[in-house]
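Note that the chains take the letters A, B, C, D, E and F in the order they are written out, and that residue 1 is the start of every chain.
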Amino acid sequence: MATVKLWSDAEVQADPRVKAVFDDIRAARRSDFVNNFWRGLANQPAVLERTWASLKAVMAADGALDPLTKELIYIAVSTANGCSYCIHSHTAAARAKGLSDAQHGELLAIIGMASETNALVTAMQVPVDPEFLA
Amino acid sequence: MATVKLWSDAEVQADPRVKAVFDDIRAARRSDFVNNFWRGLANQPAVLERTWASLKAVMAADGALDPLTKELIYIAVSTANGCSYCIHSHTAAARAKGLSDAQHGELLAIIGMASETNALVTAMQVPVDPEFLA
Amino acid sequence: MATVKLWSDAEVQADPRVKAVFDDIRAARRSDFVNNFWRGLANQPAVLERTWASLKAVMAADGALDPLTKELIYIAVSTANGCSYCIHSHTAAARAKGLSDAQHGELLAIIGMASETNALVTAMQVPVDPEFLA
Amino acid sequence: MATVKLWSDAEVQADPRVKAVFDDIRAARRSDFVNNFWRGLANQPAVLERTWASLKAVMAADGALDPLTKELIYIAVSTANGCSYCIHSHTAAARAKGLSDAQHGELLAIIGMASETNALVTAMQVPVDPEFLA
Amino acid sequence: MATVKLWSDAEVQADPRVKAVFDDIRAARRSDFVNNFWRGLANQPAVLERTWASLKAVMAADGALDPLTKELIYIAVSTANGCSYCIHSHTAAARAKGLSDAQHGELLAIIGMASETNALVTAMQVPVDPEFLA
Amino acid sequence: MATVKLWSDAEVQADPRVKAVFDDIRAARRSDFVNNFWRGLANQPAVLERTWASLKAVMAADGALDPLTKELIYIAVSTANGCSYCIHSHTAAARAKGLSDAQHGELLAIIGMASETNALVTAMQVPVDPEFLA
């Protein structure tokens, strides 16, 4: 159970500021479905507006990285941070953007490998090579 | 300072098992430079062999994900895990594989954004939408 | 399911050492309710005694920080550590100590913001300004 | 060493978009000092603008939480995330906002205590009490 | 729910490469039970093979550390990383290898204590004593 | 640089409460060397007393786990938490208690392996097998 209220569509409709963000989410995603994350953020309209504006800017399609690559990075961070909800929602988003089973398998292998070498480096307290600082 | 000995080239040359791995690293990377991570792992030849074999397999060029995308994922995990050495070494590796400033900027923005929404989701304890479990 | 037994009230009553701690928890909180954390710690009476004594000392009302502020800090740490149980229990404790929706909203926004800037700083490996070390 | 360029004042002056943010930071803080975090973010003007706008909104003085409490929460998150730079910069900010040694001592004790009970809860996998979900 | 398919025994039997690993797991553990982790990894046969080969090598009985000690270390890491599944599976493995309640209690106390002092050290940014670098 | 004052021996001598703890640390360890962690905690005598009392109790020699095993667990947690100081100090402590290079190598391999499988499990969101909950 959430520690905050998750807003129903009726509650969203009754608050013009929240409604505007939800309308924009629905338009941007071309889908009526708005997931629970936004229904929780609705309790704080200013944070809701700022978070959605930032997410739109960061994940926008026309950047230097393509939309699927962006989702892979999002899943990697969410996994390292142990955010179950985020792993589920961004894996779903990645699949919607074309993630294949082979790509997913490689993503998982890299996440596992990086986690292992991160830990080995930390346990050995390896000093940074001067070559990496040039 | 490291908690283990970092093997010099002379020490590497004197141990056939370690030398074989270092030779393969140099061949695969077409460079004489072998970074400190491997010099620390050299204390445990079996772990050295296994880690290098895994890294070669996971980061190999001919997968479903391209080499630069793999490095971006590696940097994302290393950042979330707070591994300074790994961030330096894999940012250097990514630049060697063509990472542009614009791509790096977007990578950083996604890592920051994901970390923020991971934390918001966790603090609100948002339940996973049934739509994500289908 | 827990990895340890959660002690029932009957089991607590049968062990004088555990009973003494539970009696003190009930007296300090002016409530008969003792949550599962303590029922798990009951398996290790020495750890139970030490943890309760420390918690009483650290969270005591008459310190330099007020009780609600202390709970906000506890929630912030628990969120960053991804402890779902702790987020639930300390958000409940904070609400019992007067946390308003507006305060909760700001707490969440700060936790999210700090997580984002923490990640940006780490990814950029920003060196500490000499001004902060004075 | 940073993985990105840290912009000098001369470089900032030469870029109107970055200069505008730096001018606003200096005005808001009534100080000429702009710390390295912003000099690293300057490489990505859009992220710089968004991050500063968010930070101003989140940490603004006239919220439901007072400015010092906000810094305590920021330090708590930064510590749990292991961000050395952030701990230094926000401890400095908290001192500038009046943090006493006694308050700092209590903050540290709570961060330590929360980290300990977070770990104990996680290791025992304690189920959330129904009372916390009401 | 998992983000990948968990392979049934029938599916495992139909894939010779996956079947070979599952057969070896069953032989090594002298048990017909193969847990969900391997059923998820089965989607990526190469990762499945590599992970099982590494786990066998790392957790093998005839090392410098005894099998129970190895499981204690595994539980400690899994707790610090907040991996609920891993805490459950390795606590079960440790019990199967003779973990007593007293040993489990001490393990938990050390994990808690380490987490507390880790956080205190980080918040205070304590510099490493030269004596530890000798 | 630390965010708190590190007490010199002269300052310790001048404060009876802090002096008592330092005397006990020196007696328990049969060494005049007191490391920086305690010199930082000295700013908060109550936390200093409590932390030392807890550490003595938890790490005491006559438990169900032997002193070296306890240090291995401490290093494992400190590595997963990324506490550089703690890794250095507890690796030094483990060596003083007889840690061999072979044991250290195995410890590192387990920490790496656990970190990898923790991440794989989390990315796949593997559900706990009912067998582990019995």
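Everything that follows uses one rule, which is that a residue touches a chain if its C-beta (ideal position, glycine included) is under 8 Å from a C-beta of that chain, and two chains touch if they have at least 3 such contacts.
These are the chains along with the protein names UniProt gives them: A, B, C, D, E, F = Alkyl hydroperoxide reductase AhpD.
A quick note: this is a predicted structure, and the numbers were derived from the prediction, not measured.
Note on connectivity: the fewest steps through touching chains from chain A to chain C is 1.
Contact with chain A and chain E alike is made by B, C, D, F. Each chain's centre was taken as the mean of its CA atoms, and the one lying most distant from chain B is C. Comparing each option in E-F, C-F or A-E with A-C by residue number, the pair that reproduces over half of the contacts is A-E.
Seen from the C-alpha centroid of chain D, the farthest chain centroid is that of E. Chain D has its Cα centroid 21 Å from the Cα centroid of chain A.
Rounded to a whole number, the gap between the C-alpha centres of chain D and chain E is 35 angstrom. Those residues of chain E in touch with two or more other chains are numbered 1, 3-4, 46-47, 51, 54, 77, 79-84, 87-88, 91, 105, 107-109, 111-120, 122-125, 133. If the chains shown are joined wherever they touch, the resulting network links each chain directly to all the rest. Here chain B touches chain D in the complex through residues 82, 87-88, 91, 101, 104-105, 108-109, 112, 119, going by the rule given at the top.
Across the interface of their complex, chain A is touched by residues 1, 46, 50, 53-54, 57, 133 of chain D. Residues of chain B that touch chain F in their complex: 1, 3-4, 43-44, 46-47, 51, 77, 81-83. Touching chain C in their complex are the following residues of chain B: 75, 79-80, 82, 84, 87-88, 107-108, 111-120, 122-125.
Chain E meets chain F in the complex at residues 1-4, 6, 33, 35-37, 40-41, 47, 51, 54-55, 58-59, 63-65, 69-70, 72-74, 76-81, 83-86, 88-89, 91-92, 100, 102-103, 105-107, 109-111, 113-129, 131-133.
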